[in-house]
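The letters A, B and C name the chains in turn, as written, and every chain counts its residues from 1.
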Amino acid sequence: MSFFKADNISISFGGLQALKEVSFEIQQGEIFSIIGPNGAGKTTIFNCINRFYDLDEGTFSLQDQDISKIKTHQVAEMGIARTFQNIELFKNTTVLDNLILGRHCGRRSNIFTETVFSRSVQKQELESRMKAEEVIDFLSLEAYREQRVVNLPYGVQKTVELGRALAMDPRLLLLDEPSSGLNVEETEDLMFWMSDIKAELGITILLVEHNMRFVQQASDRVLALDFGETITQGNPRDVLNHPEVMKAYLGEEDVLTQS
Amino acid sequence: MEVVNEILQTVLSGISIGCVYGLVALGFVLIFKATEVINFAQGELLMLGAFISYSLITQLHFPYWAALLVTVIVMGLLGMLLERSVLRSLVGEPVYAIVIVTIGMSFFFRSIVSMVPGWGTDTYGFRTPFTEKFVRTGEFVISWEYLAIILMTTGLILGLFAFFRYTRVGTAMRATSQNQLAAVYMGISVTRVFSLSWTIAAMLGGIGGILLSPITFVHMNMGFIGLKAFPAAVLGGFGSLPGAIVGGLIIGITESLAGFYLPEGWKDIAAWIILIGVLILRPQGLFGIQEKKKV
Amino acid sequence: MRFIMKTDYYQDIQLFKYRSTFFWYLALVIGCLLIPLVLDEYLLSQLTFICMYGIAAVGLMLLTGYTGQVSMGHAAFFAIGSYTSAILTSKGVPFLLALPAAGFLAAAVGMLIGRPILHLTGLYLAIATMGFAFIIDEILVRWESLTNGNMGFYVDPPAIGPFIFDTEVRYYYLTLVILILTLFAARNILRSPTGRAMIAIRDSEVAAEAMGIDLAKFKTMAFAVSAFFAGIAGSLYAHKLFFINPESYTIILSIELLAMIIIGGLGSLHGAVFGAAFFIFLPQIIVMTKEYMPSYLQDQTGLESALFGLLIVLVMLFEPMGIYGRWLKTKFYFEMFPLYKKDSFRREKKYQKAERH
């Protein structure tokens, strides 16, 4: 049984076919990357999983449960967490608040108990706070706890977004270009965290990336897209050396291997 | 025949009021597109235009067309002055701050008008070349007042359209409304565009004032018409210049018909009901573009 | 600058960050309780109005300042609260029931209004709320059998049991207590999941949805909660004035409420109270300064409005962050003294259209 399955998904915007009959399967606990040139439809896949768009055809299933028709906010309840290409953090609040917001799904209080801040609400708050602290510990964000996100450097903001996704206790983590904009050291940190997430937390990761070295070192399997269609799937080395993939990225003449 | 005449007059008066709403809405949308400011004082600019032309015509005995011209120039200068003194220092501040400033301006203008000698809190009227003149074709009677408004507004809109489409300055303004930073890089003086937007919007408000005066008479609360122009602009899709006019017309006609055929009180809220209805079905207004944030 | 050595997670969620804050607020409350001893009746009634508008402003602040939904029609909820309370008490319902009923009915209308206009943003939302306010206003005028329309409605002074609030002092205490409770409730909401969800909706709807926040539910909730507080305030207002008619609840009131929270400082509860105080005190100050003006100007009735408008403009020019913003900056200055850097609050001005949203 595959953990996550995308079955023949297609979507078009106006006249533009963004995705055409793309299929892939992810096993539990693996790190699966999607690569492709800009405009290939990678982020579109994420947006479809998150139900920002409706698929024209095809389905997504998480552990054999069809999640193609659920409402946008129910995706999080299913255990799918996501980071965004251009950071979508809550900029005017602190890092801690951002992380605690990740705990929203487990909310058991209602407006009336919250207005009086009853014992049960307090207990819930303390639990959320503790869980947020675990994430802070995992990602070494201690120094930035009380700072407003808008004041933080870019690399830290990306880390906070990862943390917010982790705070949701997800089964499946969607990371949209997590290493874009990061310097070498930050990218190394990210690679360590990814392997930690896989080993310690057992979370399955679906990744969109441009950094080929990152893809090669971190992923278990790779899917290559171009113009919304699948080029090839398989283990990183095979996919990255596939002639079609190189053509998509580098163009017709392969300048590097010309002999 | 009586009924047809009745409907005709009602619709016509609706169209002409709608034109005025449309003009005010146009001024709104213009400022919004260029500077992202929501100008709550647009109605008061209409009022000021009305008062200025009133003074020119009845107190200084200017002929109508000369008064029109002078009012437009004065309002234009006022717009420029406002932009330079108050709004320029607020560029880059959050939207709500600027909105409050325009709200404050509207309070200020309304009260200042009541303090000026010769203006005060009374209601005034003045004669125009169209007062009490009618067009009679066969059985139909049409008031020249309404016709004049419609014709002048149409001419104005065509002129503005040509300005934005075919002149360099107009294109520069359109460019700035899309992306201010890019406009700066292209050598467009964004501050001058801001200035120009406010100038034109103030002039439009002023013209609206003169056109409206024969119908609603001149008084310091005329600015509340500006409040009606809001839904007109929104109905058309805020950010769409032709939309503002269409929105104004729809509101004007709806109001007029509701006022005539429906019981008391419906006139004031008919426009709002239509607006809310449209917005629920089409959140971006009739001609607006749905801008959903792309992630 | 003070640093707290935190040893318990509870310290993070408690109401006051520093012990001293608690004592300052306690002193403030005691001061407020003792004020009737020094002030005359007129000023006391002004303070009562501040409390009332403050309650409504807190409601609007939760909706606009924290959830980011602009409402230009809050006078309608205020009116609904007033009329509900007035009508119920005139039919013999005790005040203790009529007050919350006013709040809940306003909240119900808030939910009704909030639901269909959820997809609207920014100005469109504001205009739609304005429209609803006009419609409700018209309904209040036309439904004469219930509200007496334009003739107005006479309201009894509120009574809890045999205790009647018919003096300035008593009414002041009543509104003060309710204001404190309101602030407490709002603060609790803000430090709970609902409050955080509201802020999330303001800062990034997309991310909020991805986090599992049901936008429809929380936006409607925000409308309901803010309408509730406006309704409560309206009820208090009605019982103070003894006579209400639809003319008191116009678009101007809605705009004033909005201006109140913006001038007070958008995004803070302090701002709501500061804004209310500003709006009540300002006309008083203007009246006082009128005496120093040349007699020609003094006679003009429009002068107060003009100066009012002018002052609003000047305040925003001087301090776009509002009164609370200036308060924070001043506090920061003293905390950092003498190491305060002049550009500590220099705002990065955003020109590009795309950036500002």
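Going forward, a residue touches a chain if its C-beta (ideal position, glycine included) is under 8 Å from a C-beta of that chain, and two chains touch if they have at least 3 such contacts.
This structure is a prediction, so every number in the text was calculated from the model and none was measured.
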Topology of the chain contact graph, where touching chains are joined (line, ring, star, complete, other): complete
Comparison of A-B and A-C (more C-beta pairs in contact): A-C
Subunit B and subunit C, separation of their C-alpha mean positions in angstrom: 32
Rounded Å distance between subunit A and subunit C, as computed from the means of their C-alpha atoms: 40
Approximate Å spacing (C-alpha centroids) for the pair subunit A, subunit B: 49
For subunit B, residues contacting two or more additional chains: 295
Per-residue overlap in subunit A, given as positions that touch at least 2 other chains: 52, 84, 88
Subunit C, residues touching no fewer than two other chains: 206
Touch list for subunit B against partner subunit A, complex: 295
Subunit A residues within the subunit C interface of the complex: 50, 52, 71-77, 81-82, 84, 88-93, 96-97, 100-105, 107, 109, 111, 114-117, 121-122, 124-126, 129-130, 133, 164, 168
Subunit B-touching residues of subunit A, taken from the complex the two chains share: 43, 47, 52, 84-86, 88
Partner subunit C, residues of subunit B touching it in the complex: 36, 38, 40, 86, 89-101, 103-115, 121, 177-181, 184, 190, 227, 230-231, 234, 238, 264-265, 268-269, 272-273, 275-276, 279-280, 283-285, 293, 295
Of subunit C, residues touching subunit A in the complex: 9-10, 12-13, 185, 188-189, 191-197, 199-200, 202-204, 206-215, 221, 225, 267
